[in-house]
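In the part that follows, the structures are each spelled out as structure tokens.
In the two assemblies presented below, chain A is common to both, partnered first by chain B and then by chain C.
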Partner chain A sequence: MSTWLHLARGPLFWTALAFMVLGLVRQLGLTLWETARVYRRAGDKDLPVGRVVRETGSWLVPVRHFGKRWPYSLTTFVFHVGVILVPLLLAGHVELWRAGLGISWPALPNVVSTTLTLLVIAAALALVLERAIARASRALGRFSDYSLPLFIAVPFVSGLLVMHPTWNPFATDPTLLVHVLSADVLLFLVPLTKLSHMILFPLTQLVSEMAWHFPPDAGSRVAETLGKEGEPI
Partner chain B sequence: MATPKRYAYHVEAAALELSDRPRRFLEAFAAILRHGSYNLALDTYARMSAKCGRCAASCQLYEATGDPQDIPCHRSELLLRVYRRYFMQSGPLKARIFGGFTLTDEYIDEMADAYYRCTACRRCKATCPLGMDHGLVTHLARWVLAEVGVIPRALVVSVREQLDGKTHNTSAIPLPALKDTCEFLSEELHDIYSVDIEYPFDVEGSEYVFFPAVSDYLMEADTLMGNAAVMHATGASWTIGSHNYDGINYGLFYSDRVMERIVHQLVDEVGRVKGRKVLVGECGHATRSAWHIPTFIGPDGPPVVHCIQYAHQMLELGKLKLKPEKIPESVTYHDPCNIARVGRITEEPREILKAICSDYREMTPNRTKNYCCGGGGGTVSIDEIRAFRTGPLGMRKADQIRDTGAEIVVSPCANCKKQLRELCQDNGMEEVQVMGLHDLLLKVIDFGTDGGNGAGEAQEGDVDEESEPTATGAASSGGVGVTASAQSGAAGGPDGEEG
Partner chain C sequence: MSDRLTNLKTILWTLVGVLAAVSVVRFTRGLGSVTNLSDAAPWGLWIGFDVMSGVALAAGGFVLAATVHIFGLKRYHGFLRPAILTAWLGYAAVAVGLLYDLGLPWRIWHPILHWQHRSVLFEVALCVMLYLSVLTLEFAPAILEHPLLDKRFLRGILRILKKATIPLVIAGIVLSTLHQSSLGSLFLITPYRLHPLWYSHIIYVLFFVSAVALGLMMVVLESLLSAYFFRHEVHTRELAGLGLAASVVLWIYVALRLGDLALRGVLGMAVDGSWHGALFVAELGLSAVIPATLMLSRRVRESRAGMAVAAAFTVSGMVLYRLDVSIFAFLRPPGFGYHPSWEELAVSVGIVSAFALLFIFFVERLKVYEDVSRRPRSEDEPKPSYDPSTVRRLQPRTLAAPGRFTGAALAGAAVALLFLPVRGSERTPSPVVAARSVEGESLDRGPARTHALVFAALDSAEAVTRARTTALPGMTGRSTGAFPGSRAPLEKTTLLLLVDGNQDGYAVLFDHEAHKERLGGDTSCVMCHHLNLPPEANTPCASCHRDMYDSTQVFDHAQHIAALDGNEGCVQCHAQGVKVKSYATSTACSKCHVEPVATDPVIPAAPDRWPKAEGYMEAMHGLCVTCHKREVQRHPDKYPADLAECGTCHDADRAAQLRELEPARDRAVLSRPPDGLPAAGRDARTEGAGPDSHGTPAASATGAFPGAGGRQTP
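What follows is the complex of A and B.
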């Protein structure tokens, strides 16, 4: 057991982390590069920067978008807050970073982390339920849309049990192993799934705006490539 | 030229005979990706689409049909699936592992129907946390479809006349007929308002070259009289080019390739008459296409002014004088998606209407969140889908209009007006009048004295370069300030809540 644990916490974790970071950096780099290329080629270089920044900002803290489906929006919001804060600011995690790399930052009080963890777990379940109940999201949902929130909940459930041994019906070590392994797998999945929105999200409004900034002669070049120049309409 | 009906709309016979469409579709898609700039958005959307369903509630069509195929994200996924499979690195690999999707003729047919059920109004974009622009995907998908011949016949026939025909306009109005119409409009203006207003042709060096939707010359006499009246009353230097007098650009609806050519044709005409600015008439998509002049011409293309922006500015400057009497009927305003969705023109028309109407009412939601009339994206020209347009696609708009109880719906867009009229007819609201903003403005312009010497002489060919107002009637009304007398009607308010 301890060898497994050692493996999951050590080499596997670092590999997964590196895979995620490199994958995300690659996606970010490609997106930025491509954005710059689109801009360079665009005939109209006048970008509505203010609007793009406003729209991006409004979705980073999307309270004003809650609207009619606010229960769903609120669940999503809570889920995101927890999923971002707990892994980074849990006291136990901060301590691991300090021990491993010698860097450290302020941690959340444990009672806050526990509350957030419980909220994440509840929100993950609620997300899946809401998706299954609401007509539109049910119609759109792919396997991964159901499995991802549930899978994300696994390290939170196991982490909660590790932190509170009195609530844990299982032995500590296997629980910890599940916790670390599921987290490793998640890190791997980030660049490969829609989870990559964690890095691309702030760019999406810009990307949508850029798409309307065509190169001036794209149309005639397409005609040329397809051998349709001079062809009557 | 009856063709067997394969889609909800008619396409030309040749399109139905085309063989090997999947290969051609992919070739066209590849060429468009290579020369265009769409892959950035497609890559991002394909990676991140959350399939959360938020956008569903913002689309007037899905709200009406409740049919999963009408969910914006579902429609965009049709093209994204093709993109993932054939144009993303991981596509072929995933196809091998998970068994893949293959583009077929039937799949192209599915897209052909789906992408003409969406009006590309872009209302849904504002509700997507990931900023996915389904109007953009529809725009692109229609271009690729067009390259395999899938174009509604109503659109392609008009474009053929505009680009390859003799008249160079979508309504095939020959120049002599156009001039007759203008003469007739001048006479009308004289008879009703006792004012002599000419429609100037080919006046070299004019500040504004006028491009309405050419169909206005056939269907919207009052709008055009209002346009001429505003230009006359403000002593503007303007002209109509005799080689090209059509602002319509259906390229926006189905092909950037076509859009590029039409924009060039328009700018060439401005150059031919040595004009300085493009003055767009009351037409939403013509305005949005003209805003693409820098896209195709670069920063040195002529600036674009929308006729409402012009009128608004003249009112603010006190150069356009209004009579003290106001329009007594209750009036509401429909925002054309193409000018309002990103907030470019939303306030000017309202300020004008509030200044000239005694009972102005907002419909909710409005401005950037307004519902499409149901005829956007060129669908209004497709007569064979009228029942669909005025049914599910326009139901929301019909409700909105009904809720205001207004007698007049104003919309500064040729397409919106046609659709709104049919919508009112088909939804038991025959009593509602649909008109342009300049139609109303015309009724309250103070031309000065009763003779016709309002802004007078400058119109006879040699237009006053300074565009100084020469109106002699400045004293009569004290000028209804646009901003000053904003008397908002019953429900005047900020943007309505989104649905």
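What follows is the complex of A and C.
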């Protein structure tokens, strides 16, 4: 058991972390590169940059966008707050960073962390249920839309049990192993799945805007319309 | 872009990703963390392959330049530019490979300023640097011809460079001749380290001639490979011409190699059935005899497959020749063999991959092959297009290739990282062997405190017999009653402790009973036994101080969980309401474990928490020296002033006697002790370690060199 824990907390963790960071940098680089290429070729170079930035900002705190389906929006918001804050600001995690790298930052009180963790677990379940219940979102939903929230909940459930051993029906070390291993796998998954929106989100508005300037196969259709097929655009 | 080229690039990018991960560890954690190099094997794969073979593989540049520009064989002109490009990238790869191998890579420029006229390596370094510059100038026209660089100033430079072709070619030939041979001259100073089948007075001639043949065959191989990947035409007639020339040079090489061995009278070693003999036969056959014979036939020379086989044989065989000279035929003490670590292999392969990608990059963008067209201009590429309804990763299909290559590199790096020692090389554990008790007698309790020894309890029966029957040189006059046959029999035996934690044979003899008596009998135990395991009263030192040099974790968390009723028991050490469950915030060990702590020890255990026990050596020195110092201060009349000095316990004479009697163990003094010595080496040393032979490890090891006995040294 200690060997597995050692592996999951050591080589697996830093490999996963490096894979996540480099993978996200790769995604960002590829997206920016292609966006720049598209912009260079776009006939209409008038990009509403101000609106793109404003929209990105307003979706960052989406209270304004809570509409008819506000319970779903609220669940998503709570889920995101917990998923971002708890791993970074949990006192135990801060202590690990301090021990490993010598840098530290203020931590959340444990009561707040525990509350947020419980909220994340509840929100993950609610997200899946809400998606399954509403017909429109059910039609759009892919496998990853159901599996990812549930998988994200695994390190939170196991973490909660490690934090509170008296609530834990299982032995501590195996629970800790599940916690660390599932978190490692999650880090690996970030650049490979739609979780990469954690770094690509500022580009979603921009890319949609670019896409309107350059609809699918736009070039060939325009050339076709103008009777200039095969000529450079 | 053809599929095979994309697949090749994907593989190369993966290997470059692995290289990147290894490089990070190599340059942050040092050579020791990723290589199997040691003081006995300071030159490994990175020198044998990256430098020695790299330089030889790039020899095509000067050979083809001479063929076309000096000998005027213009029909080979089509091979010249790829050969120059290969040479240019090859030498750059050598420089990069060298950076990995140099302990202080940032000093790679030192030969430019710090001239060392007597050093062959200095000549090699300077030649390689100058030739790399010459190659840059030779290849520069290909770059300057690119439409992007069609500027007036650059056109002027291009004209000058084209006019300077012949002087540049001559400089290239001179420099190549110098350093291709000098790489062989490096080994002239190792007549006793290089196996006689490879050591030669004309090794520099052999290196040069083999480089010429290898250069020609490398051009052939590379031409066939690029024809396959870029799908262009093969110039069979010209390849056949190169093959014939290579065949002639290879036969000259074979004649020189065998003639030299015959003249020195060691040719017989090639067929004596030894490992080195077989290696020699395989290498010469692979590198020269088989391909040279094959290429005598016109049919082979004019067939693609035939030339591919011959070229692959020569290239791999000549690389093996360089590896043999620098690794396999290089003799080392037994137990200090060398095999490259996977990281070393990954770096060598990764550098080749990176430069192969550069080669492809230049071929796709410049006019390197006359019949490979430049990559399609950007206007002809597929148009980028976004589909907002299905876009998942915000990237359109046109980025499939870059996405694939960067993904491959990332995957390679991640897999490598998983197996790399990111925290640096782990210290080799050196488990402590607990002190053993031996029967002996304290003859004199005065300041001299001489002990006579009888090894009744030593582990080897053979050693005991020898101890009883051998009169040791250092023992006369001191061990008056030790052994049967000496003047007085042993009178009052006592138990002595033989303290030799790392079993290197330099034991310290510790008179446990005398210490106990001096310090106050049974009540004095706690002075040294400062912390006992729960069920014990006088835990031996090695129970906690388990490693000779490193501190050891002695706290068993799992055992505590089990003993404290699982999860319910956590709060007994990690109090409720504590923010972080850590070592620092846990309940003190001494709060529960009251009994095992000594009240007045010489070295107190850490006041309340003791998860880590320091290294054995540190612990022993701390305890003994502290107490000795204190006693000398307290009773200057009773003890000699040097009681706290090293010699008091580490008695050189006594250690020598103990060493003679110890069963043979690894006593190598070189930097990286081997895990286990081969049986032959162990036997040789056991025999050599008798009382009349005081052979040093190096001397006894030299005797075990294969082929050392029959060597015909100049």
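Throughout what follows, the second predicted complex is superposed on the first by the 211 of 233 C-alpha atoms of A that agree within 3 Å, B and C clash if a C-alpha of one lies under 4 Å from a C-alpha of the other, contacts with A are read in each partner's own complex, and residues count from 1 in each chain.
Simple rule for what comes next: contacts are C-beta pairs under 8 Å (C-beta built on N, C-alpha and C of every residue); 3 or more make two chains touch, one makes a residue touch a chain.
Owing to the predicted nature of the structure, the values given are computational and were not obtained by experimental measurement.
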> Given the touch rule stated above, what does A:R26 touch, chain B (first), chain C (second), both, or neither?
Replying inline: second
>> One more residue to check, A:L150. First (chain B), second (chain C), both or neither?
In response: neither
> So, does A:L203 touch the first partner chain B, the second partner chain C, both, or neither?
Replying inline: both
> If you stack the two complexes on chain A, which partner ends up touching A:G67: first (chain B), second (chain C), both, or neither?
Replying inline: first
>> Under the stated touch criterion, which partner chain does A:I133 make contact with: chain B (first), chain C (second), both, or neither?
In response: neither
> Does chain B (first) or chain C (second) touch A:E34, or do both, or does neither?
Replying inline: both
> Should A:K194 be classified as contacting the first partner (chain B), the second (chain C), both, or neither?
Replying inline: both
> In the superposed arrangement, which partner chain does A:A171 touch: chain B (first), chain C (second), both, or neither?
Replying inline: second
> Between chain B (first) and chain C (second), which, if any, makes contact with A:E55: first, second, both or neither?
Replying inline: first
> Is there a shared patch on chain A that both chain B and chain C touch, and which residues make it up?
Replying inline: 27, 30-31, 34, 37-38, 41, 194, 196, 200, 203-204, 207-208, 210-212, 214-220, 232-233
> What does chain A use to touch chain B in their complex?
Replying inline: 27, 30-31, 34-35, 37-38, 41-46, 48, 51, 55-56, 59, 62, 65, 67-69, 72-73, 76, 131, 134-142, 145, 194, 196-197, 200-201, 203-205, 207-208, 210-223, 225-226, 228, 232-233
> Which residues of chain C touch chain A in their complex?
Replying inline: 379-380, 383-388, 391-396, 398-399, 402-403, 406-407, 410, 413-414, 417-419, 422-423, 558, 561, 566-568, 570-571, 579-582
> chain C touches which residues of chain A in the complex?
Replying inline: 1-2, 10-12, 14-15, 18-19, 22-23, 26-27, 29-31, 33-34, 37-38, 41, 91-92, 94-95, 107, 109-110, 165-166, 168, 171-173, 194, 196, 200, 203-204, 207-208, 210-212, 214-220, 232-233
> What part of chain B is in contact with chain A in the complex they form?
Replying inline: 27-28, 31-32, 34-41, 43-44, 47-54, 56-57, 62, 66, 68, 71, 73-74, 77, 125, 127, 129-133, 136, 147, 156, 159-160, 163-164, 255-261, 292, 294-299, 342-343, 497-499
